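Labels run A, B, C and D following the written order; every chain starts at residue 1.
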């Protein structure tokens, strides 16, 4: 931690500051420059990160030297995390996220009915998707919108999963539901609006299931990694990050999909990263190009919405791919994956 | 709802669209312009608001005519909501939020100890604050930061409340804690990070206590009103909104306090609005000027953090006012309130 | 300047870095912490601010200790700048911006005709405005929109100014027009879209007329001060800053008026600050409350648009005040100004 | 144009509105719904787009049906614009932007010296770049930073261009310089800060040289197309758009590179689109992955900064690629281009 003092900081203020810091068990290092005096704080930065140093008289600004996350950092673990999702049926193959193969997670936005879920699951599986996505619990801006089938939806997910042997990613929205959802899901999804629902993060951190954390609409990459840190800190090391668009002034797309989050996270963290171009753009015709962009930039996979009849979808129809468009995207994705030295 | 068709929309597509909308029980109104055909949809807009019209072939864009909220709107209730917080001690005076008097909610960021809470509560009460704020449960970006005293903190809040007769605003973060917090709090606070935690909103909507909803860092004013709608829709009509800064590119302040949210909400809704300049700016020296600005713009009150010794605060010290600065702000606030025809 | 080294920085890299910095004539100060080595650079920070230190191998990050502006800073000039606009007619009173009195600049968005300009000028003058605003050159998003009357508009401005003795603020958009506009204007306005038109800033910096710089839609406060620095650095010390809203995700208002820019600038700079709630909100009914908020927060004045018949305005009608609303605002502004110890 | 009336709009207000619109030569179409009356305006929308309809009593909101740009739209010109840059030396090959081949524009940020420019130009040409980029005039946030070599820089550009036969893209910042820069440049660049410098846009619109417009830091895609419209409207049909990052709350990158602008522009406009991952990220190690992403998403080319010794660069060193990294990127770009059916 570097503390920059005000130009008019008095000797008494400096002495008080040094004393305060030393009382926290840390060493100080004073450097008097031509225009400012600076105090370097040596010791475990995490001890003082949350201390209100800016509130101490004479302090102008405080600059952190280290990143606030530890377990999520490349310094803590230089080799990339590879998450193994065990086969659903005995004798099946595990799905690896974070390895050389690019993984596609696909399915409808919501579980709407048993039949529709089964059809979509079979279709995306046949086209090469390795995991099925579909929400039983749906966070919706309006209380008057379809809120998901809930427990009934979970039951359909469990049935389709068992029949097809396709592992499931599904969202959990409430600490009270974590156990129930964890019984069905192969990967627990924390939605964008819950990226900083810290109680929920702690609760899934105590599960033994992989957790996929979606970046919040106003979440910085650093905050996304801090949310991962909550899960990691509870002992669950199976964390997958997912970029899904941030909120900006641009109105041509629902959100601004921040593809650069992929290489930024790669530089800072060992955790695998997926990209969701469906929510990231909100417009079906942009999904394919942005999925290709994500893989070209180094994403470990993409997560997309597919619907047999988007105009009748109960949620997010405008961003759903038709089965045919999805199949076309899969073949293009394969070509781009190979171009960057990966497989699909 | 207005549907704009693509220039190349075929007659078959138009016929299909009209049929689809009529099958939802609504009337259509076709208007062929020089460059575009437009379909007006007549009937309850809420029926089709969540229909994926953009997903239907031939549709270029869809424009809503009505606001998505109903119970929160001025159309539903033209007179302003005034929330009465009953006196804590028999014979005391109720506190009204949304009436002619501007209300100040003040206190430390977190409950840190019983003594400190008592001292601060007595101080802010003496200076004219009508409600005490202090967090027992604290949402923190880092799992390594102080997370609040939890249940112990609630107990201190209950004791100080009873002793001083000062009603309490405190945050609830988890659906599992709603009942417990509602036993102590006079007003339940939904924090900015939980503005779209819809299960939590529903849970507090079932309480009989007033609910204060803080605007999320990336929440639009419309979304804030939709979150209020969740609470109202469960039957709880005592909702207070709170502007506390949005996330923008500006780095000189922690957030950008959107004072214009106050008159915007006044135009759209009957719900009272507070402003929190402490979180809104993150810097103690900006709190006073921004509190004055909030009242000048028509806010029903302000919510500020006060700490006896900010440099030792366990959370958010840099934005806490010293008792003396708080007292000075109170007298300035009184003058501005009178200048705009209100009292403090 | 503080340079944080990568954890894996080699001794050779450190030696190279130290050598490079010393070759620029600066002193280094090495501090080896438990997790990172840090180099403090002592000497004139402006020398190395634009050096690409992040590009040197072994460097993790670079943190500036000083603000990048100098002439605009409170350190350079602790007392507030007061700008005197000389009286237009002999025997008239000068207008001071930055003094104890709050100044109102008002008028139509564009010069639309000589008569309309005269009427509006007379009206706002009578109601207490001290400067007339009106654009002869108008920056418009669309090439098909009214672009201002240009030279003809300037002529009308000159005539009305002379007749009424009301000084003029008007925009200059092109380096080629600076001299011509400076002959008429008492204050040269740099519009938001030109905040970083550096050639234009240099050109007005060489004039002897006060310059009002509007904050760009994506301009940080620091960048606004750097734009002022361009003008100051050319020798023109008469710079006025103007907050007029930044671009955020919020759509209820045209821009988000960042009132907190007022106290932030006050902490950092000696330059006076105005606020323009007309462009800042884009909606006439929000102009008054936001003007009051600006003055309560400490602004040195406000700048508002008034139009006799907004529905026929050639530009920005929806944000223009009717004369009556303007007069009402003036009386409310006076009350708030007095509440914060100023006059109107 | 669709006009939504307030619920309480009176018949007199409606009559006045209809009359006003008809006086502008347009036809109205009234539709009375259950909750709102709506007026459809039929005729040339451009006539009334800039009319202040929101300012007319009784109007709640106004919604445009058509896009505000015309010449830039796919409706105006369905086939993609291909821009031919004639060969510099007789017998050379033209460079096509917007055709099947992906074009790489590369070079140093600034012209720093004749030798360095020559070396970089030769290097990028050899590695496959088809155009040289380098700034003689540099817009810099600080007046104390290197501002470019100006006219001397232009001379070096002309010399290197002639020697190597490599066409030049360079920025023009001032209306007074347009002719001079147009004599040297093969493509005139309008920098991000000048995207809405309308006089400059008009000036380059009168040149017969292709114009590359960079998206502003807070420019929407629609506004970028409107800026193109200024150039097109002056008769210059050779416009290239360039995404280079927008300003958001994220701090891990200098800007947020909005790759989705590529497919959005493709849906709306016939103009070719480049992507600049150097300014878009500000960090050299992110340039390659984002360049690949841009091409995967359908960009017509990329624009990158290369420097022989970034740590001594006079501007933007941290984002410059070393020659070796650039060469590696070129081979990866070729693979991705082929994967999406294009060539390099």
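By definition in this document, a residue touches a chain if its C-beta (ideal position, glycine included) is under 8 Å from a C-beta of that chain, and two chains touch if they have at least 3 such contacts.
Treat the numbers as computed from the prediction; the structure is a model and nothing was measured.
The fewest steps needed to get from chain B to chain D, moving only between touching chains, is 1.
With centres defined by CA atoms alone, the chain at the far end from chain D is B.
Chain pairs B-C and A-C differ in how many C-beta pairs are in contact, and the one with more is B-C.
Mean C-alpha positions place chain C and chain D at a centre distance of 26 Å. Chain geometry summary: the mean Cα position of chain B and that of chain C are 31 Å apart.
With centres taken as mean Cα positions, chain C sits 39 Å from chain A.
Touching two or more other chains at once are residues 218, 247-249, 251 of chain A. If you check the complex, the residues on chain A that touch chain D are 218, 220-222, 246, 248-253, 256-264, 267, 280-281, 285-286, 289-290, 292-298, 332, 335-336, 338-340. Of all residues in chain D, only 20, 46, 49-57, 68, 139-147, 173-176, 193-194, 196-199, 202, 216-218, 223, 226, 229-230, 233, 247, 283-284, 310-318, 320 touch chain C in the complex they form.
Contacts from chain A toward chain C in the complex involve residues 2, 4, 7, 29, 31, 33-36, 38, 40, 42-45, 63, 65-66, 75, 247-249, 251.
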